[in-house]
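Scroll down for the structure; my scribbles are underneath it.
Chains: A, B, C and D, in written order; residue numbering restarts at 1 for each.
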């Protein structure tokens, strides 16, 4: 591995977010792991650039974390799983951080209560950036060290740490949007105006023939443990929509009394509706003088009928599908379709960072799509030994799989075998609806 | 259909529970539907015979219903779905009952709040029995009528109503046990002593080869909509235990710190444990002077190490399996095994009503077994039109499938394709653990 | 003390509620303590006579207790504080009852959770009546014994136990009304129709001159510890209404937007209104096709504008008073007025048990009246030693004093110095409003 | 009124907190109202000087407000009640602030949900300071204007606004301490070490003779509406401790099982203890390796036995008093003692801002003392017309009066007739215990 000038690499972390070298992660295979590490780390800081110091601490519900906490926790991950076990003479940055920035790794130790993360005014934002620099310098030393050359664990874990940080980059957008929405000033994270959306073509159905097929990650590249092992699955004939449901389609559902008709709803979803004090609508819709507006990371904008309906719970997605006489796809149907017709599905990301709001109803890279599949282990699933094994497996209860990536997904992070997972009532993720039906 | 003497048939409903004709539902095919109807209806009353009037109203949590409510609701089902639409000149028994005894059928109308059912001191127990007689007489008239001969709907719905009532018979035992347990007097429902349990043989593993197979109900007999359609499913190689986990095995898990080791638990299950004010143990276990006792419907008894561990949540079942280096079976594995080796698995029920507590660790008819399968529709699943379509489908979220029947299951009610479903934290069902593993 | 035929006295407990000897407690001083004891004990059973067995177990919220529990707890009081310490060779009726029927006496031991009392189907109603008979026989033996002649404690505590049981008689009505109201069948406890109410005279103000006066119980008769010591209190000039607020007056408040105007409400009261899912109205008011009805223990009746407005919280009472430009009286003003003009205020109770619903707006014996006085100890207040000292003192926080008695108060139980106490949001007590103002 | 150089006066707001001119508010009567206004406004900013930007947004429970919110709300008060009604051509600073920074004045309009104030990352701290400057300039113009000379309302309301802001200065310390305590880093607000505490003298009892006396504010100076009208109250003989209870005395209570003995506790207080998941101790006490430490605004320090026991709830204060065979004083007893022996009680505040932690057990200026008096209106109490009338009166329910001021009270803000009020379970106020007893 070629030597990298640590100081300049680290200190040069650009703080402006618009088109930058680091976003152009064109070919991670070709780059060194160290370069990959730096690119990912710098991107986390780039996307924070528009924040005021005050924004870094927001936590509007237990499920969301402050931006500052994301920045610290991702550093903690490298410190805990790479630096402490592998870096000779590594000096822990602060004895209190192991507790404060552990998310849920019981194997490492106790955790500061999740719902109270906004109460951590200290360390300050500046101190967290200093923590990041400390970790970066130690990581770059480690990656240049002899140990790294001899241990595949170090490179493998660094790769995992990079993907872990990319997940938190996505959560950064997801959580921030939810938090800023609580303030009636409806602050824009990105002050660039949203590009106009084009009217999507009429929804087309694509038919797929039943077959016994292989599901799960294929090949040598990185994937999370939950995408393995690749295994056989029988999928019967089905049809899948070629694009996501749009706002105008969802408004038709609402106009037809969709939220008031219990026969369209799963019982648990209906119970959520009845218990809510709000009149039902997608999470970020705001009604003003009879018109619908939508809160986006670009501010409050008029609801655009052509954009895909976003931030729906699985219950809303399911009710809409039922109203259409359709259903949600299984994750296997979704993956089969993506694998069979990749050209048609694949989303081309331009090099410039696009708006953090879906422009098109494209099923890849626009909005995560709820599937009807429970998030359960693939046959023969194995977790890693030790605390790092808590990464995915222990969440395999009560959640549904989502597929397809979104505008908030970090460049280069997505795969067709990727299994995202949320609870059915969750609305704050960038989620949409793709319809399926029997053929 | 031969005429039945309605008055004597109805009024003769035996009130004692021990070995009775009605329990010997040997061959429903051979009996007339009317006889089948009467047998089921009478059995509901038989199993209530040991109750004091005061016991009929108990409701210890929202998920449980008072015995009186079960008796009334099952009558409401026949009144709503058979008598009102099909019986000429049927006179509704009481205008308030449609609201009071509707469980969850939004298509019929509003419902009295579920968690408040214990507040319905009126109608009294006596009045509910009168309601049952009124419905029985009208149902027998309907089944003898010309309409019944001409409409398959009437017979089909009557059959459904009978299976529905059998489900409530099972819930009767399940709910009653939970309610009586709240009273430190630990009243026995059945004062007969529990027969001794035999020490089960060492657990044997049976191996099954991977294959593409058909899952779901086969044949002409009755089944619930959720067992259909029969469809293809690929199941990989696996091994399945030939019996359930015993109390002594579960005690070994506890002795090994099973409840204190987060690495054995799903995150949601661990959260349930941490939130509980009680020291963890299976639901009905009671510690007295260092010894474990167990509350059963036969009263508080010393915990028998040879009986199957019962009333476990899916989280407890999963943690135990993980501790054993195993896992829970999928519902497909379970059904495949039951179909391939039916002789070995089938439980012989003697004609006398056995104890309402599992005697053996037999995987059929002893305790329902948690599977790792989410309760979701089979491919191509269809619900019936109208309110009756709310029977099963709308609960297909957040629950897991259980298989195998239990000592509380009504005679003749069970099938190998039967899909019971509960939420993972639920403990009050008669549930146990059957282990699976990769082969 | 003359001998009483125990068996006939106890077993003759009349079960019908209408005009009975026992209700005519004309002169307790003149009767023996034993007779007094029997009268009170029999009255508890008389008022239960209209109940179905199923009604005995109702508990609609933690603050209310089932009728059966009242019957058992009042017996427990005599068993715990009289029979166990004083009766030679007394045989405890059941070892489990000390725990089940202890209300809140930590000095005696633990208590079955209050909010779960409806789960005690056992002991049955019949068994509780047997418990009462057992206690009655032992109490009558004790009162006839030599010990009673020598110990003033026995007579004093028996007197306290009788007043305690009378308090529970009042709670019986209060709690039962709340419980029956939860059932949309609106069952009548008393099937006698309500006598018509007369239109009250226009409200008159009575002026009282400021003075330093004595407050608290005077004389030798029984009183609760919280009515003592009699002490000096300065009361400034004030005026007090000569009758309670009527339904028609409260409807005028509602018509004027009383429930929607925050400036009329205490902040805590306004918060209660905002948090409630119901549209605000007095507790038992039911709107049907634009007309107001009221649930009473005599069933659902049209709201009578002439009756006093009842079952108001202190917040409602205070808001109404503010709307009138008035205020609630202090407990000292109330007692001063009652003492100065007793003839005008005193309510004449006829010998026949009247309807359990206020007929007149008379300030004594109709409805308890909220005062603005916090329930705090009088200067120099002392509690008794031991568990019996927990009777009143420990509740002197967060509650307000009510004065005046109600139609649910047992005959002979009321005194002008009586201090009843409830939390400001409580509505299920028989409460009304009496206005005061500066003069 | 002499002209003030607005720009220099406003912009010169010193940001360091130590000994400053502005703290020396020696004689407000002699200063102009404008000078008084500036002094108070500047002091709010001085005490914020040690904060990091991140600290300004902390809100650890609904009852506490972020420092930034206090700064904005106090400006809103002047804008709403002075500038909008009285200042000609006043230009509202921001249309959204009326909603965001209204605390509880329904007469003004709706309010942003109190428990979500930490979610207001915008306006930023810098923007809030700009808002303050905008309001200050307009206020100084108004106070110099002809209108101010002609309207006593303007001066009266400005005076109220200053006292209002001083109340929020005290809440600033109270709330900040609670928020910083949630972070295990235990950050010090004031990095100056705490001066040592001197061992207090043995507690002395002072006896006061019963008498009819005048209670409430006397004279022409400012007071809040709740201190009026001055009125007659009879107070019986009593004795009052000459100092507060110390930590060592409270530790003796704990060592004697004070927290485990229900007979010492009010029922509501005992319920709070039982419902808490924590082992009971005063709010800021932290146990480390068997030793008690205490969190203070000067950081975590060893618990000093000589300092007064602080941050106790009224329940803890009452239980301690009961354990001592004493009781809490009434607010009338407290005021009588303070009035009779002012020299002995008066606390001499040095000109330098002292530590924000009580040094001595002096009953004035050290810790607020719980009284047993409910916070209710004095006879004849009147509120102001309009929204400003919501200031105090609507909170007169469920709270207790506290007397005496504390180390967090702003210089010049305290009076012997001052009535502070909190709910009995509240612990986060600077509260202590002063004992009373019958003489």
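In the analysis below, a contact is a pair of C-beta atoms (placed from the backbone, for glycine too) under 8 Å apart; a residue touches a chain by one contact, two chains touch by 3 or more.
The shown structure was predicted, so the numbers you read here are calculated from the model rather than taken from an experiment.
*Asks:* By the touch rule set out at the top, what is the minimum number of steps from chain B to chain D?
*Replies:* Step count on the best path from chain B to chain D: 2.
*Asks:* From the mean C-alpha coordinate of chain C to that of chain D, what's the distance rounded to whole Å?
*Replies:* So the centroids are 40 Å from each other.
*Asks:* For chain B versus chain C, what separation do you get between their C-alpha means, in angstrom?
*Replies:* The mean C-alpha positions of chain B and chain C differ by 46 Å.
*Asks:* Suppose each chain is reduced to the average of its Cα coordinates; what separation in Å results between chain A and chain C?
*Replies:* Each chain reduced to its C-alpha mean, chain A and chain C end up 60 Å apart.
*Asks:* Quick one: which residues in chain A touch 2 or more of the other chains?
*Replies:* Chain A, residues with two or more chain partners: not present.
*Asks:* Using the contact definition from the top, classify how the chains connect: line, ring, star, complete or other.
*Replies:* ring
*Asks:* If you go through all the chains, which pairs of them touch?
*Replies:* Chains touch in the following pairs: A-B, A-D, B-C, C-D.
*Asks:* Can you tell me which positions in chain A touch chain B when the two form their complex?
*Replies:* Residue positions touching the partner: 104, 106-107, 210, 212, 231-234, 236, 238, 262-263, 265-270, 314-315, 318, 327, 372-374, 376-377, 379-380, 389-390, 394-398, 424, 438.
*Asks:* Please name which positions on chain D make contact with chain A in the complex.
*Replies:* 52-58, 60, 68, 96, 99-100, 112, 116, 118-125, 179-180, 182-185, 187
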